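First chain A sits with chain B, and in the next complex the same chain sits with chain C.
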Partner chain A sequence: MLAALRDAAKKLLDEKRAVLVIGYADRAGRPALFASKPEDCGRLVYDASCRQNLAAYLGKPEVRARMPVAIVAPPAVLRSIVVLTAESQVATGQVLALAVDQDSFLGTFDAAAAAELLRAKYPALGPAPDLLERVQGLSKKSAAERAAFWAEEFTKCTRCYACRAACPGCYCTRCIVEKNAPQWVSTAALGHGNYTWNVMRAFHQSGRCTLCGACEAACPQGLPLMTLNALLDREALEEFDARPGYDPQAKPFIGSWDAQDDHSYMR
Partner chain B sequence: MKTIETSRLTDLAQALSAAGYRVVAPVAEGGVVRLREWTKGLEIALEAVPVNSMKDFLFPRSEVVARFALQEEGGFTPATNERSTPKTVVLGARPCDAAALPALDAVFNWDYRDGAYNARREAVTIMSLACAKADEHCFCTSVGGAPDGIAGADAILRPADGGKRLVFEPLTEKGRALIPAAAGTLAEGTAATQTPVAPPRRFDPEAVGRWLAANFDSPFWKEASLACLGCGACAYACPVCHCFDLQDESDRRECRRLRNWDSCGFGLFTLHASGHNPRPDQSARWRQRVTHKFSIYPQRFKTLACTGCGRCSRLCQAGMAIAETCQRIEALGR
Partner chain C sequence: MKTDTAAVPASAATFEPRITAFVCNWCTYAGADLAGTSRLQYAPNMRIIKLPCTGRIDPLFVLKAFENGADAVLVSGCHPGDCHYTSGNYHARRRWTMFRKLLAMTGIDDDRLFFSWVSAAEGQKFADLVNDVTAKVRKAGPFRASNPGRKEC
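And then the complex of A and B:
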């Protein structure tokens, strides 16, 4: 599997179809490897300990200056590439995915082909069983208990924004939490500002989150951010039939309106 | 010699609490060990290096530094801002945490004597815990520290008798004051202290500082910073990082001037109102971080702004490791 991945990456650089390959390095912690020379590709690896969503680098100006780029992409990252394409954040032909899963290297794909691959091979990606269990466990609690649970968790947040940095979907050049004229969210890493920030971050991801888990893995304080993301993913799927990352032409439901939408809440 | 059985640490915390100290100690919650205010019933977790550093209790992540009462007809008047500085003991700080105090004292008493920091500093007693082991991120020995270093500490606990016991060694007046407060939980006795396991020395900070001072425009920074995603995890976990941002927040009656932690990793760091930023990209910001710690700080304060605790690299999602950067810099300077 690794030989096939490395060969494909090398080929992209050799043929100048990509000027940069971003993958996971064969070092402890599996940090990102930025390969611009074919010989660098020999250090690419992929295994279950790779936690970063490398599509997050597609928003970084230093990377955007080095397009076209290829990124090593397990299924959730493929979905991120499709979402970013649907949201006009990456231009056609600028990003190639070196698709991988736990067992094999699947090939090199652009966003449209990645969406096809996902529809064929992973048609209904959702929360992993342990995450589903967390969501179900929390859903059994009363609204007051859930609010208390999150209030307690959010007190630990230091507002380092590692979650935001980890997420390919968080690509705003100026996050609303940093706007101060007017100020929407308290900047203090305390009570209600923390609550607002964390809930708002998750809401902005609803119907866009690909459940990659990078935000939760990045959180130094160990906040169960994926529980919140998965709750919103469930709502987006059940209420709006939204399963993000399968169609590069899809309109994000949170930013679109349809006459067929449920209006019963309007009086 | 004063000793305590490791299993009786919570009794010591209880005694200190009863003696009027706020006790801060490492506690495991949901798989994460963090320094927090200890209350009865909480177990003290000595194994892992806590995710947060002790600076949280001297320079909190957010604090109100001034208040103004807003008047209905417009205008405002300064209001009193009560500052809480309880007498505190940090039980089980790491030597690399305590070693940050001289560096923090220097900056908070430099061109301006910071009242909030100094009030807390005077009220705190540091009882550090010598490290029995090091992980791959620890590098205290590269920056002048040691797993049983005493810089900044008022007392130190040294593991003894295979970890079953701790030897208590007071180092300052504040440290000695803990003995009566401990009310018998520290017993007279003897124990064989263990030789601490020191992490290998990885680089020479002086050589790093020399290269930094001479290579501001090196292409090294662009390549070395490519993985950085620009969050504040490293700076917030760092026991020495002390950059802050002032923000005014108000409701209809009151305006609060907040001092929040800031991080040189953020794109908004040092962004001017004009739109100009002297550190316009991540490479300039990563250079700022490394240069501040290993060149600017030693030039100005004769001390490094890094204690080798390794938190920044332990927590970094992108694998940015400052010790590795320093090793590479030292190699560049050869």
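And then the complex of A and C:
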């Protein structure tokens, strides 16, 4: 598997189909590897300990200046590439995916082909069973218990914004939390600002999150951020039949509407 | 959107709910106006904030209201199909469907967050709505203790 991945990456650089290959390096913690020379591709790896979503780099100016780029992409990252394409964040042909899964290297794909691969091979990606259990377990508790649970969790937040940096969906050049006239979100690492920040971070991913888990993996305080993401993922699916990351031409989820949308909760 | 939180009475017996309402200019605000000009009496617990359209109501407004000590929030606008800007309320509806679930997950349930459609002709509906929401929040009690996003200082 690794040999096939490295060969494919090397070939892309050799043939100048990509200027840069972003993958996981063969070092502890599996940091990102930026290979612009064919010989660097020998250090590419992929295994279960690769937790970063490398599509997050596609928004960085340093990477955008070195397009076309190829990235090593497990299924969730493939979905992120499709979402970014649908949201016009990457141009067609500028990003190639070196698709991998736990056992094998699947080939080189552009966004449209990646979407096809996802539909054929992984048509119903969703939260893992243990993650769903976390959501369902909390949903069964009373409102006061839920409030207490999250108050306790959000207290730990130091507002380092590692969750934001790790997420390919958080690509705004100026985030709402950095706007201070008016200051919508308190930047102090206190209860109310932490609550607003974490709720808004999750909300901005509604119908866009690909459940890659990079935010939760990046959180130095171990906040269960994926519980909120998974809740919204299920909600988008159940209410609007929305599965982000399967169609590069998809309309934006929050920016679009349907006259038939449910409003049974409206009085 | 600063509210004077110090004036909130602590005991449940004298509890007067503070409810923030975000309403659209063209339907619900006109409906509230009609309730007033029709001399309909309704609970004085709602503070209305008028915006051009429900589509203008960022979820952050709701969070800010709770942060500043609101016991409940009401969001109200034109009935589907009646939006002055054609589709503002449709955009808002999808957003609220997701947002209310997220808030419920974090401990702000549907006895704290209300949504409605009130047209410019529905003065009576507005008065009934305010009375009903106020009664529900009164029953739920002060939100001070269990509000996960309340400002601490």
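As a convention for this text, the second predicted complex is superposed on the first by the 262 of 267 C-alpha atoms of A that agree within 3 Å, B and C clash if a C-alpha of one lies under 4 Å from a C-alpha of the other, contacts with A are read in each partner's own complex, and residues count from 1 in each chain.
To be clear about the criterion, a residue touches a chain if its C-beta (ideal position, glycine included) is under 8 Å from a C-beta of that chain, and two chains touch if they have at least 3 such contacts.
As the structure is a computational prediction, the values presented were derived from the model and not from experiment.
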Item to check | chain B versus chain C as contact partner of A:Arg146, first or second or both or neither | outcome: second
Next on the checklist: Output check: A:Leu138 vs chain B and chain C. Expected answer is one of first, second, both, neither. What do you get?
Outcome noted: second
Next on the checklist: Contact-wise, after the overlay, does A:Lys251 reach chain B, chain C, both or neither (first, second, both, neither)?
Outcome noted: neither
Checklist entry - Which holds for A:Phe154: it touches chain B only (first), chain C only (second), both, or neither? => result second
Item to check | Touching partner for A:Glu235 - first (chain B), second (chain C), both, neither | outcome: second
Checklist entry - Should A:Ser206 be classified as contacting the first partner (chain B), the second (chain C), both, or neither? => result second
Checklist entry - Which partner does A:Leu190 reach: the first (chain B), the second (chain C), both, or neither? => result both
Next on the checklist: By the touch definition at the top of the document, which applies to A:Asp262: first (chain B), second (chain C), both, or neither?
Outcome noted: second
Next on the checklist: Looking at A:Arg119, would you say it contacts chain B, chain C, both, or neither? Reply first, second, both or neither.
Outcome noted: neither
Next on the checklist: Residues of chain A that sit at the chain B interface in one complex and at the chain C interface in the other, please.
Outcome noted: 186, 190
Checklist outcome for this item: The answer for chain B against chain A in the complex is residues 30-32, 34, 51-52, 61-62, 136, 222, 225-227, 229-233, 235-237, 245, 247, 249, 258, 260-261, 263, 266-268, 281-283, 315, 317-320
Checklist entry - Across the complex, what residues on chain A touch chain C? => result 135, 138-139, 143-151, 154, 176, 184-186, 190-192, 195-196, 199-200, 202-203, 206-207, 227-228, 231-232, 235-236, 239-240, 253-259, 261-263, 265-267
Next on the checklist: For the complex, give me every residue of chain A touching chain B.
Outcome noted: 25, 27-32, 34, 51-52, 56-57, 60-63, 156, 158-162, 164-166, 173-174, 178, 180, 183, 186-190, 214, 217-218, 220-222
Checklist entry - Touching chain A in the complex: which residues of chain C? => result 59-60, 63-64, 67, 80-81, 87, 90-91, 93-111, 114-117, 129, 146-153
